[in-house]
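As structure tokens, here come the structures.
Two complexes follow with chain A in common, the first pairing it with chain B and the second with chain C.
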Partner chain A sequence: MFLSILYKEWLKIRIYWVIALMLNLFVIGWLFLGLRHLFIIEHAEMIWYQIFEIGTLHYTHVKYFLIITGMIIGAAQFIPEMIGHRFRLSLHLPIGPNVLVLWSALIGFISVGVLAVLDAVLLYAVIGIYFPHEAAQSAFLTVLPWLWAGLIAYMGTALTAMEPQLSRKLVYLAIAGGFVWFFCSGHDYESYNRVLWKPVLVSLLFIPAVFLPAFRYRNRSL
Partner chain B sequence: MMLPKLSRYALIILAIVVMSLYLPNLYNKIFDKKTGKTQLFFSPVIKKFMFREMVGEGHRFVTQDENGKTYDRQSFETLIPFVYYKNMELWGKLPLTIDGHVFDKQTIKKNRQVFEFKPRMIADRTPRIQVFPLFESKPGVTRLRFPKDAFRMTDRMEFINVDTNIVDEKMTGQFTQALKQAKFLFPAKLVAGKVSILKPFDEGFFIVDAGGDLFQIKRAKGQPVIVKITIPAGINIRSIKIPENKKKEIYGILLSQKGNLYLISYNKYRLIKMPLINYDPDTMDFKLLINPLYRTAVYSSNQTIYSVAMDNLYRPIAQYHRVMFTGKKTMADRVFEVIFPFYIKTMDKTSGYLQFNTVGSGRLFFIGNAFSLPFAVLIMRTRKFEFKKNWFDLTVVIFTGLYGLIATIIINPEP
Partner chain C sequence: MENVIEIKNLTHCYGKQIIYENLNLTVPQGRIFGLLGKNGAGKTTLIKILMGFLRPTSGACRVLGEDSHNLSPAARRRIGLLFEGHLAYDFMSIAQIEKFYSAHYSAWNRSLYFELVDRLDLSYDHLIKNMSCGQRSQVVLGLIFAQNPDLMILDDYSMGLDAGYRRLFLDYLREYVKDGSKTVFMTSHIVQDLENLVNDIFFLDRGKEIFQTSLDEFMSGFKQFRFIKNGSGSMPIKMPYKDDVIINTDNTGNMISVYSFETGAAVSAHLKGQGIDVSGLEHVPMTLEDAFIGFTGKY
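Let's turn to the complex of A and B:
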């Protein structure tokens, strides 16, 4: 049954996932071109100084694209289900409704996670071309909270899309937005190093949180 | 039914976390008052501590000496003439005569220095990628220039060419060999230096080796210059700050693991211990004011400011401390305690690292929590929610006050 759900979810998101993949590859490609151009027009020692000492981050735009990705995948997965109450059909599958919702959310979560890992690996590789591995490692640690924000954006979108009541949708948006904002609020490199595990641990509560809007949808729509 | 209930509480916890992150900040944005920290000096004229402190909005200042005598702005500045020596010149009061010594503008300028050491400057309180440029100390030109390589300390001193991002084996071998000859034990525990070409000269880097010994490493005409610095036994170095000041009296300031501050003097690298009482390097800003007659250490937390005046040999001659106006609680602070039982602190000016710490607001929180509870009961009655089924909501409100009240209202129980 899991494979069937996986296939069903993949059919829903595949186009959007590929678009998101292209978007994320474009962002990393843009970073590479930007650094290449910078090293052509500027003295390398000054670029190294700006990065290590001043703390200039050349990859801040990475911050927004996984958040956009999370929102796209979340919307692609759940908004069509809610239009015309198609989600009711899914809830009639020979599987518990909570299990169905959990699997669906985890599939979307993992699909965004795959792009997050790809972003992190490619970023490490691109930074490693022009700077020592210490800088690549630093970039990796710096973007981790931003990438996690992308996953929270996905969960927030899923919650909001599944919720039948408008005012409650706004509550879920505010909660998810609050977490996304926190994960994106550091301005310097590696500023989350000592603390990231705590908000990540708390935000894992977004996973069990998906049961409530699904329950509310089921009880109001069926 | 159990799973949606757990799911609801997951959302309530998330909502409480978000509120405790942002609502206190919002409150502070609205009710924060403009207050500056106290400026504290030791007057070489009257041999007393003097301070200037903002005590309200706008430009409400008090300017007093340690005995409470009030001064106007000009008298205050005249009593600390080494700080305001340019004004002294403007007012025709130079040269000065203090204790039989005459001080003209050049003498004052040559013999004054201000040195700051803030918690954020401690090596382990702010992230720093451990790759540094080792300047040419004798560049043969008027200004320092960035080198074409940068170094990192691994099991050797590795130089990386900035153009190719490849290790320069020749330079690496040269410096590693010199360090080994000076009995340096790899890897390094701490690398400290000032990375700037705007400094007047270069003293290289002060590096603590794996054995805890301190070395100064410079590049002079491309060659390594290594000095092993003898430090008294029992001083485990936590951080070093190098100012590179033209006065050339102190190389820098050294913080030990025990929280003691030492100056590294140009006199054979002798360490001078600062005679500080109640100094906490992790929370307090430290400032050393050097003038032709005295050295004054000033350090402060958010509440209290301390000062020690010393003679030219850093022997204490007077001490003073006071609770600053900014350290006193206002009505807005008390209301904050009532409304918010706790908040999540994420930023702190003492560290470059973000935090995610739950901090209690103060003792008055129970008033707010006690008020929230009847509100929660009233709302449950109005909405006809069963107490028996939803008693845990009230527990949440008892412990989290306003946050819990809002969270349980906006994410109400399912019928």
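Let's turn to the complex of A and C:
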């Protein structure tokens, strides 16, 4: 049953996921080329000064790609379900409605998560080519909240798409937007060190929150 | 015999508008039921309630012995549901949608599905979103037959189907119900299709009580009588009016039709009582469509 749901969700998102994969690889590739170029035209001590003394971030463009990816995957998964009330087709499947919605959301979450992990690992690897291990680790900790913001963007889009009532759609959008803004508002290295786990823990509530719009969809009176 | 569907005192409103009030309906196993009603009578709403997509204002609605709003996965597995407009996952192809649904139904009949969709003469990787309305409906009906459900709920199955496929579908439907264990609950805008198919009919009229009868009883009991409108001198022409005996009236040109469950003699006497000259009153044979219009009225 899970494989069948996975199959359906994959059919919906596969094109977008592959494009997102290419874009994320392109961004990391661009970062690699940028660093390579920097080391060719600049002296090593100048680069050290820019990055470790002034605190210039060389990978800020990573910040928004996973957020856009999350929003696109969420929309690709749930907007087709809502057009023409196709969600009824899914709710008629011989699966509990909560299980169905949770699995669908988890599949999308994991698909965005895979890209987030890929971004983090490749970023670590690219930074590790030119800088010591500590700098690569620092880059990893710096982008972690941005990548988490991508997953929140996915959950927020999924919730907003599934919700039948416009006013509640706006509320979900505002809450998700607030979290995304919060996780992206740091402009320094490792801005959220030591405190990141707290907002991450709170934002995990987005996962069980997917039951709400599904419940409300089934309990409409109009 | 077990009741597959049981509706007791069902009331549903859209805001202040009452759709049903204390609606009662039972559907025993092994029969084909046609739900008839004019546009906006609440047929699709009733199907949404039956399948748990709407919570009724009050009353009880049970399907396969379970509360329709909390159907278990096991019960849903036994129900083949055709949504209005032949709703489908249109991002899937002919082969993909079969692969997806077959994983959910243990009694899945793959060959029956392909037997029906092969008539489309399309490749299996043809996407549903690129099909015409009629082609899409053939795929959806193929899926429902392949599911081999105990109860089929078909909301306007005929939408978009040409006459040939409609006939083919009805042939398959007859085959499907012939062992007596399957039940069909259906609506259609093409009333004449139901004439040689359904065992029982329900007439749904917004805000009024449902009228449930067998097709045979209805067709033998409900009659149309016609007479020529006569006026004499300056006397105004009197028109019959609806009451317990006269279910409906219709006036086309100089012909007046009245519809009733009573005999010709009783209707004649009743109309005379209304002060109407009914000389030449004749009984007019009706098809199911004629009777449906006679019963519910034109717009």
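Keep in mind that, in the parts below, the second predicted complex is superposed on the first by the 220 of 222 C-alpha atoms of A that agree within 3 Å, B and C clash if a C-alpha of one lies under 4 Å from a C-alpha of the other, contacts with A are read in each partner's own complex, and residues count from 1 in each chain.
In the analysis below, a contact is a pair of C-beta atoms (placed from the backbone, for glycine too) under 8 Å apart; a residue touches a chain by one contact, two chains touch by 3 or more.
Only a predicted model underlies this, so the values are computations on that prediction, with no experimental measurement involved.
Trainee: Based on the shared chain A superposition, would you classify chain B and chain C as clashing or fitting together?
Mentor: With chain A as the common anchor, chain B and chain C both fit in the superposed model.
Trainee: Touch check for A:Leu21: first (chain B), second (chain C), both, or neither?
Mentor: neither
Trainee: Would you sort A:Asn219 into first (chain B), second (chain C), both or neither based on which partner it touches?
Mentor: both
Trainee: Quick one: classify A:Leu118 as touching chain B (first), chain C (second), both or neither.
Mentor: neither
Trainee: May I ask for the angle at the C-alpha centre of chain A between those of chain B and chain C, rounded to a multiple of 10 degrees?
Mentor: 140
Trainee: Once the shared chain is lined up, is A:Leu173 touching chain B (first), chain C (second), both, or neither of them?
Mentor: neither
Trainee: Looking at A:Ile79 after the superposition, I want to know if it touches chain B, chain C, both of them or none. Which is it: first, second, both, neither?
Mentor: A:Ile79: touches no partner chain.
Trainee: Answer with first, second, both or neither: which of chain B and chain C does A:Ile95 touch in the superposed model?
Mentor: The second partner, chain C, only.
Trainee: Regarding the shared-chain residue A:Cys184, is it in contact with chain B (first), chain C (second), both, or neither?
Mentor: Neither partner.
Trainee: Which partner does A:Leu38 contact after superposing on A: first (chain B), second (chain C), both, neither?
Mentor: neither
Trainee: Which partner, chain B or chain C, touches the larger number of chain A residues?
Mentor: Counting residues of chain A touched by each partner, the higher count goes to B.
Trainee: In whole Å, how close do chain B and chain C get at the C-alpha level once superposed?
Mentor: Nearest C-alpha pair, chain B versus chain C: 10 Å apart.
Trainee: Go through chain A and flag every residue that touches chain B in one model and chain C in the other.
Mentor: After superposing on chain A, chain A residues 219 contact both chain B and chain C.
Trainee: Within the complex, which stretch of chain A touches chain C?
Mentor: 1, 3-4, 7-8, 11-12, 80, 84-86, 88-89, 91-96, 218-222
Trainee: What residues on chain C touch chain A, complex-wise?
Mentor: Those in contact with chain A are residues 12-15, 51-57, 69, 73-74, 76-77, 79, 81, 83, 85, 87-89, 91-92, 96, 99-100, 103-105.
Trainee: Enumerate the contact residues on chain B facing chain A in the complex.
Mentor: Residues in contact with chain A: 3-4, 6-8, 10-11, 13-15, 17-18, 21-22, 127-133, 146-148, 150, 152, 160, 162-163, 165, 195-196, 346, 352-356, 410-411, 414.
Trainee: Once bound in the complex, which stretches of chain A touch chain B?
Mentor: 43-49, 51-53, 98, 129-132, 134-135, 138, 168, 171-172, 174-175, 178-179, 182, 185-186, 188-195, 198-199, 202-203, 205-206, 208-212, 215-216, 219
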